[in-house]
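Order of writing sets the chain letters: A, B, C, D and E. Residues in each chain are counted from 1.
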Amino acid sequence: MRKEFPSLVAVFLLCICGCAGMANPYASEEGLVVLHYSIGQDPKGFDPVRASDTLSSGLIGQIYEPLYQYAYLKRPYTIEPCLADGMPEISEDKCLYIIRIKKGVFFQDDPCFVATNGKGRELTAEDFIYSFKRLADTKNDPEGYWIFQGYIKGIDEFYEASQSESPTDYSKEIEGLKALDRYTLRIELNKPYPRLLWVLTMPYTAAVPHEAVEYYGEEVLNHPVGTGPFRLARWDHWHRIILERNPTFREEFYPSEGTAEDREQGLLRDAGKRLPLADRVVLTIIKQEQPAWLYFLSGYLDVSGIPKDNWNTAMSSLTTLSPQMEAKRITLWRERSFSVYYVAFNMNDSLIGMKHPEVCKREIEEKRKSAEEAREKGDSKEAERLDKEADELEKELPYLPQKNEKRRKLRQAMSLAYNRPQRIEIFANGRAEPAQGPIPPGFNGYDPNFKNPYSEYDIERAKLLLAEAGYPEGIGEDGKRLELSFETTGASTTVLQSADFFRQEMRKIGIVINIVQNTWTEFQEKLRTNRAQTYALGWIADYPDPENFLQLFYGPNKSPNPNNANYENPEYDRLYEEMAALSDFDPQEAKRKYELCRKMEHIVTEDCPWIFGLTYWSYTLNHCWLKNYKPHPFAYNTYKYHSVDPELRLRLSQEWNRPTMFPAYIILGVILSLAGLFFYKLKKQSE
Amino acid sequence: MNMEPGLQNPTMETSQEQPARSLWSDALHRLKKNRLAVFSFFIILIYLIVAVLCGAGLLATNYDEQSYKIDEKGNISLNSYSPPSFKNPLGTDIQGRDVLSRVLQGSWISLRVALTMSAIYIFIAVLLGAFAGYFGGFIDDIIQWLYQTLASIPGLLMLIALTFVLGKGLTNVAVALGLVGWVGLCRLMRAEYLKHKARDYVLAAKAQGAGPFRIMFKHIFPNTFHIVIISFSLGFVHAIMGEVVLTFVGLGAKAHEPSWGRIISEARAELAREPAVWWPLLSATVAMFIVCLAFNILGDALRDSLDPKLKE
Amino acid sequence: MSAYIIRRLLYLVPTVLGVCLITFLLFNVVTTGEAIAKQRLGQHATQEQIESYLKTHGYDKPLLIRFFINLKDLLTFNFGRSEVTHQKITTMLWNGMWPSLSLMVPAFFFTLFVAISIALFTALYRNTFLDRSTVVLCIIGMSVPFLAYIILGQYILGYKLKYFPVTGYEWGLGVFKFLILPGLIYTAASLGSDVRFYRTVVLDEINQDYVRTARAKGLSPNTILFKHILKNAMIPIITRVVVALPFLYMGSLLLEDFYGIPGLGAMALNAIDGNDFAVIKAITFIGAILYVLANLAGDILYALVDPRVEFK
Amino acid sequence: MNFLEEKDALCKKEEPLLEVVNLKTYFPIKSGVFRRTVGYLKAVDDVSFTIAAGETLGLVGESGCGKSTTARSILRLVEPTDGKIFFKGTDVRALKESQLRSLRRHMQIIFQDPYSSLNPRMTVASIVGEGLRIHEKLPWREIRERIAFLLDEVGLSPHHINRYPHEFSGGQRQRIGIARALALNPSLLICDEPVSALDVSIRAQIINLLTDLKERHNFAYLFISHDLSVVEHIADRVAVMYLGKIVEIASSTELYNHPSHPYTVSLLDAIPLPDPKRRRNVTPLKGQVPTLAHLPSGCRFHPRCERKRPICETHQPPLTEVSPSHSVLCHSPIS
Amino acid sequence: MEVLLCVSDLATYFETEGKTVCAVDGVSFEIKRGETLGLVGESGCGKSVTALSIIRLIPTPPGKIVRGSVLFDGEDLLKLKESAMRRIRGNKISIIFQEPMTSLNPVFRVGHQIAEAAVLHRKISWNEAKELTVEMLARVEIPAPKERYYDYPHQMSGGMKQRAIIAMALICNPSLLIADEPTTALDVTIGAQILRLLRDLQSQLKMAILFITHDLGVVAEMAHRVAVMYAGKIVETADTLTLFERPLHPYTRALLASVPHLGKKTKRLFVIPGEVPDPLRFPSGCRFHPRCSSASDICRSRLPELRQYEDSHYVSCFNISSEAKEIPR
């Protein structure tokens, strides 16, 4: 009967362990400088060609390096060489770039370098050509191909060819990509590409050694081999990622230039020190916001955002930290986030869409033409079908302007009913502003004086417009209430609550919104196949050029490309094409570009393919022991600048985490007394 | 001392005109003595009434109405997350909607899910169980194979796969729950039919010339019906709990449907707010808890009063 | 005995085939090859790409041939790569299995131990206040939704009292502190139904004739309880345990999701989120196979515990 | 139904009501990996007997000897393997399922267990009236009258018509069972141990009831029992079964006064008599009853037989007639 | 002969759903050493409850021994502590139950279950107990006892199991054996074997037997004395011969008359009218009066005492004198 006692002892011991700070999630780290960050998802992998999301980019950027990078401390955002040796030489016509590459840069040691017994090989210009070719190889699902598409001479042919080749022939030359010698890269463009330098900072363009791809095959996404400051030490899926200092990292030093403000914030204390400063980066994957926030408060994470539900804990006003945070000596970074949150309408939709007569005419022509072709081929059925469609479009054509006008009014009405201030209050704790147009405040090309006529919450005007659109009080001509479906981008609480809120907003003007719940993948599929009627999304800038936002309305960029609203306006497209070729660096061109932006902005806000919703402020908190932290909206390789004071962290986090023991003792008491009763009865029975 | 048959009427003198008591009324009688069970039954009844009233749009109609508050400066803002008060006894949710009304509406949703599910799974289970148990042989082999195979597929994944076929939403979740959930009852029914098939009264019915369907559904089925009832009452709990999990996983109630699962799923973040928003979680959980408890107690009492094994 | 085992093994064949058939049907009705191709190839895929994908992945073949290919793939555990993460599914399963097992196995057996202990406890105190209140507590415990256990457990024990880490995982021995809280929650949530079940089992056995014989022999109640009754009770206990065992590998979906344990349950949830059918299919299949194997193990265990089985 | 009535007309007076010829009912024994049939459980093995109209044949034997299976095989509640069953000249085994149903109204059965033989969820009226409802398309009122009459006939009050079986005692339940069997006016009643589950005092009531009913309606009974004293009381002729075979069949007086088979002798000896003065001192039969699955070779009784000869171990004994209407299945019957 | 067991005014009630079932209501009898007392009665009359009350195996609750005393060897068993009672069970008093099929634990070997009692009471090792068990198995005429020791219950036939149970009951040489319908569930020929075995064993071991049965034939064969129970009461006790020759209580007489008698074929059996009373609703007064042909007013109102009628012949009836001589046969 004594058998049960060890287990009781075990329970007791567990409770003792509880006292000894069991809540600390980390093992000891013997004086190493370790950064503790968290990410919300398991990354998709470490293959630069698939670095399409910020999460993967942020990790790939630490291991793989592109030619250029953003200067860490400088504002406005400027580019400095990374693997390139100096800025490129650009020809007069802006179509030829000569880029020299740093000598003596080695890839990290890895078993894939069979020839050198695992020692890393030196980086050459060929590596970039190879990496760019990978980006144009369809077999890699290259999500970043769009950055070169149509620009580098010959790359489109390579892309086309890779679809049918198996395996893709990498020995085939791309006309616009040449290695003049071991360390010189020559890029030739079809047309001027003023954003090329921005693009060359993106992890898509980082150098990948062909040995790694050949050695690991598809598994290369688990075995990154880069030139960067860190290397992947361990990846426990959905649990954590450990990056370690790359011992063969080239010599790079902490920047010593900075503003007075930077100096005041201590950002220049490590000036001139060799990078990376940290020995290790531990990225814990925490899906939910709450636990991550709690870990941050307990001192187990160095940086955190502020979850909307914890706003009151963190802040006492929009700009000041709460006393509790002050007491913990937490630093607040409040910056504009270059993003727009919007509700998009599908312009192909017959209830809310818009079809420009010119576009319609073009479509008719195209249809006739392909009908002709089909007839020549002998496929009369197909031809007939196409003809029929063309006929219908032709019948439609005269009514289009009138219909477009009505539907535009409907969209404008919905934009007016969209209650931005209330959204900001309940979903963003006030840390956002109504978006006026596609370009967020503070961004290149933003006009602070521009006011979107449909961004003010005005139910009365909305109802008026709705009536003009043919839906007085939301009832259509057929006597039926207007019903629209709204596709969610996921099933998280916030997404659903926000969708439900949208439903309420539209209900106020008499429109019924049917919320369709999707997973992210399902949603993407619906976008791709044009099946979404309305949906809410956001766009985060890839690089500091307004083109990045304005391209979202460019006709040829329609689904499956990023123009998921399928907006097409020939006038807008002409303006866009002109604007896209202009550079921000040339003052003359920049001025023209600004003007064009204004015009385009005006067109989209009037046509209203999106309800321009909110633009956010980003709030970041970091603990006092984290050094050299400065948020950067575009840079993906910043961990190398960060550092911590491990002793301070250990001391403070222990201080902050003391469990309350008495409930445990009560529970223990109850359990023990029940066990006592059990043994008492057993003993009594055996007597 | 000899008695002619037809003359005697032994020992029944006390109960000449006493109304007949079937096992059912007997069980009901016993059930009535279990005060807890009667109480539970009334609680369930109240829930049902509330659910039906909500469904008919007579109760808690303001569940989807936002409410506003005016602060000292006269600004009107949404009455988001207001704690329980006289006006909103269980507080409000993020959009200022009355939690009490939403929780009441939740009972209607739960009732719908549970009824749909039960109808489907009881129908399948009884039919297949009866066939497998009564006919045996090849039919039994096939049905056993079917439910063994189904039972071996993890239930939740099966549900997910089914909801992908049927589409998301509560009705489909209920249908999927029904399509997946019949295995247990079917197994029980099969065993019961096997047992009863061998009973003499079935042989007697056969000897009277009753056909297989008459025997299966007129003779045997009433003897297994208590199992259906117990399974039905516990199935309710299953459906209510299942809705919560599936809604959490994103397959159940839609964003605007005030189901208990929806409310509980949202509660996770709300609870961690400062100050904590505990009222939606607590209201939905307590509402659910009470009805589940009532069903569990009633199911238990039903088991006790209907199980012929205990009766003998 | 060996004939018995061989027969049981042969019984597996139709079930495994059935599982293959159902998974195949589900996942071919659910998603067409084209949909998978589009997912796999990304948004920018052209029609030719999709067609070549369909060809290389065998979607152009007739359904029956595809079934056999699918069968071969499943039976050789060749699940291919995830459609979302591009990782090898076998590796994912292997990596996810350990966290799941490290959470569920101790939690499960701890629960089993506690539940059986409490069941014996109530058997000792049967028909007393203690026994009745245990039953009531069990029913109460069963009526609380699982999600409420998780949310409240995490909130109170993790956030407020700071006994355990709120979330996280660790490879190696250090993991235990992460597993206690979810483990305890699992125990708390499943204790109610478990105790009730085992209590019924023990009480059923106590009322058997052989117990009376043993008492007539003069054996002490303790010997009867721990020797005679417990060994008999093992038979239903094994049934329950065996049916539950294969689901251990899946972990508890919700527990893993809430406590950040990178096991198969969390993986399944992510797969659901990402419509990652290849992964769902693999998990479903592995789950089914494990269920089938566990049943086999259970049958063999019966034969060991219950001498009567062998001769049936 | 018609074919039977036609047969009825043709049926000659001397033709027995029921004739069972070489009836065999085997149950397959399955074993091994593939559950192949490795042998047969010969529950009824080559049984022949006849029952004349209005006659009572007692069938006696220990449990598991195949008595009940014989009864059920005759009604085809269990499918016989081989042999012939003639009921009023009709070959029962050749009937189709639908014809069989109408045959069954002429042959009815009373079961041993008064608890499991009545459906607990049906009222007395629907239990007793089930056959009427299936076979006679009468209005419910008439059926009710018939039921009331039947209940009266078996000694139950017609007030009980709407009660449920669990409200009755064992004896009363058995009466309900009898009423159900009587409902369709059968000419043969098979009584499968109708009194063995009843208390002593009730047993006498039921036995008397059966005797009275027989007198009144001139049924033929196949009366199955393990209790020789009850059988002696009620049967005109008695057949003794041992391990699936009838080992002795004779008229009641003949069998009890001059048992010829050693098994019959031992069976008679084994019965404790309620008379302390006649306390027997014969050695009871040795050994266990072999199971039907492992039948001994030769004469099935030889392992327990005191009179066994070498031939008994190897050869099945023939059915020998020791006197008219007295046959024995033995190599050396006791004379 | 010395009195071994003296039961006086034993009453055991069961509480179910607020109703009290007086299963045994004031039963008194005694058994002498080496003697067999037959306890006869129909089902539900309280025979088995009496037996279980003696060795205190009444499931409590719902059952409860409400009064009376059970003197065994001069010691009141009802006043013993449970642990002391355990030392008597299976040791000095053993019991055999009706259902051999379920009375053995299916998951333990038969031999082990028998030896368990020996190990417990005789304080011997398992090896010694095993030898003793094999010996005992041989004694109850189980063939190949050494092999059978390792059998599981399901491998034995009903008769064998009953023998094994007898071996278990007798392994500690009890001075009293309670046999609760030991042959009811068995076939006639096997039952006869068991009866004979019990008789033989009794003469070898000199134990007393309380033999409970509903079968008058078995009693006639086995018992030295007979007690007839009806509705929780003993209505008549006498020497076996006396009882069968000169039954006095109307119930006993009717019972004897209603049994078909082998070799004495009658046209009709004698019938006791009515049903065995429901233990929940025993009739007032003499419990047999509703079925008794000679019941008078006093029978309906008063409960008759058990009175001595002749030497060792006790009857509880008010109307003995008038009907004593004639037995309806």
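What we mean here is this: a contact is a pair of C-beta atoms (placed from the backbone, for glycine too) under 8 Å apart; a residue touches a chain by one contact, two chains touch by 3 or more.
Just so we're clear, the structure is a prediction, and the values are computed from it rather than from any experiment.
J.: Is the C-beta contact count larger for A-C or for B-C?
T.: A-C
J.: Taking mean CA positions as centres, which chain lies farthest from chain E?
T.: A
J.: Going by C-alpha centres, which chain is most central here?
T.: C
J.: Taking each chain's centre as the mean of its C-alpha atoms, which one ends up farthest from the centre of chain D?
T.: Ranked by distance of C-alpha centres from chain D, the top chain is A.
J.: Distance from the CA centroid of chain B to that of chain C, rounded to the nearest Å?
T.: Inter-chain centre distance comes to 24 Å.
J.: Which whole number of Å gives the spacing of the CA centres of chain C and chain E?
T.: The answer is 52 Å.
J.: In angstrom, rounded to a whole number, how far apart do the mean CA points of chain D and chain E lie?
T.: Computed value for the inter-centroid distance: 32 Å.
J.: Where does chain C touch two or more other chains at once, residue-wise?
T.: 159, 220, 272-273
J.: Can you list the chain A residues in contact with two or more other chains?
T.: 288, 290, 294, 490-491, 519, 686
J.: Of all residues in chain D, which are in touch with two or more distinct other chains?
T.: Only 169, 171-172, 208 qualify.
J.: Quick one: in the complex, what on chain B touches chain A?
T.: Those in contact with chain A are residues 64, 66, 77-78, 80, 94-95, 168, 250, 254-256, 265-266, 268-270, 272-275.
J.: Which chain C residues qualify as touching chain A in the complex?
T.: Chain C reaches chain A through residues 35, 38-44, 46, 48-49, 52, 81, 84-88, 92, 95-96, 99, 113, 117, 120-121, 124-125, 130, 158-171, 174, 177-178, 180, 220-222, 257-258, 260, 262, 266-267, 270, 272-276.
J.: What residues of chain A sit close enough to touch chain B in their complex?
T.: 288-290, 293-294, 307, 309-313, 422, 425-426, 488, 490-491, 493-494, 496-497, 499-501, 503-504, 515, 517, 519
J.: Quick check on the complex: what are the chain B residues that touch chain D?
T.: Going through chain B, the ones touching chain D are 2, 4-12, 15-17, 20-24, 26, 199-201, 203-211, 214, 219, 222-223, 225, 308, 311.
J.: Which stretch or stretches of chain D touch chain B in the complex?
T.: Where chain D meets chain B, its residues are 72, 75, 77, 101-102, 104-105, 107-109, 111-113, 116-123, 130-131, 134-135, 152-157, 159-160, 162-164, 166-167, 169, 171-172, 177, 180, 183-184, 208-209, 212-213.
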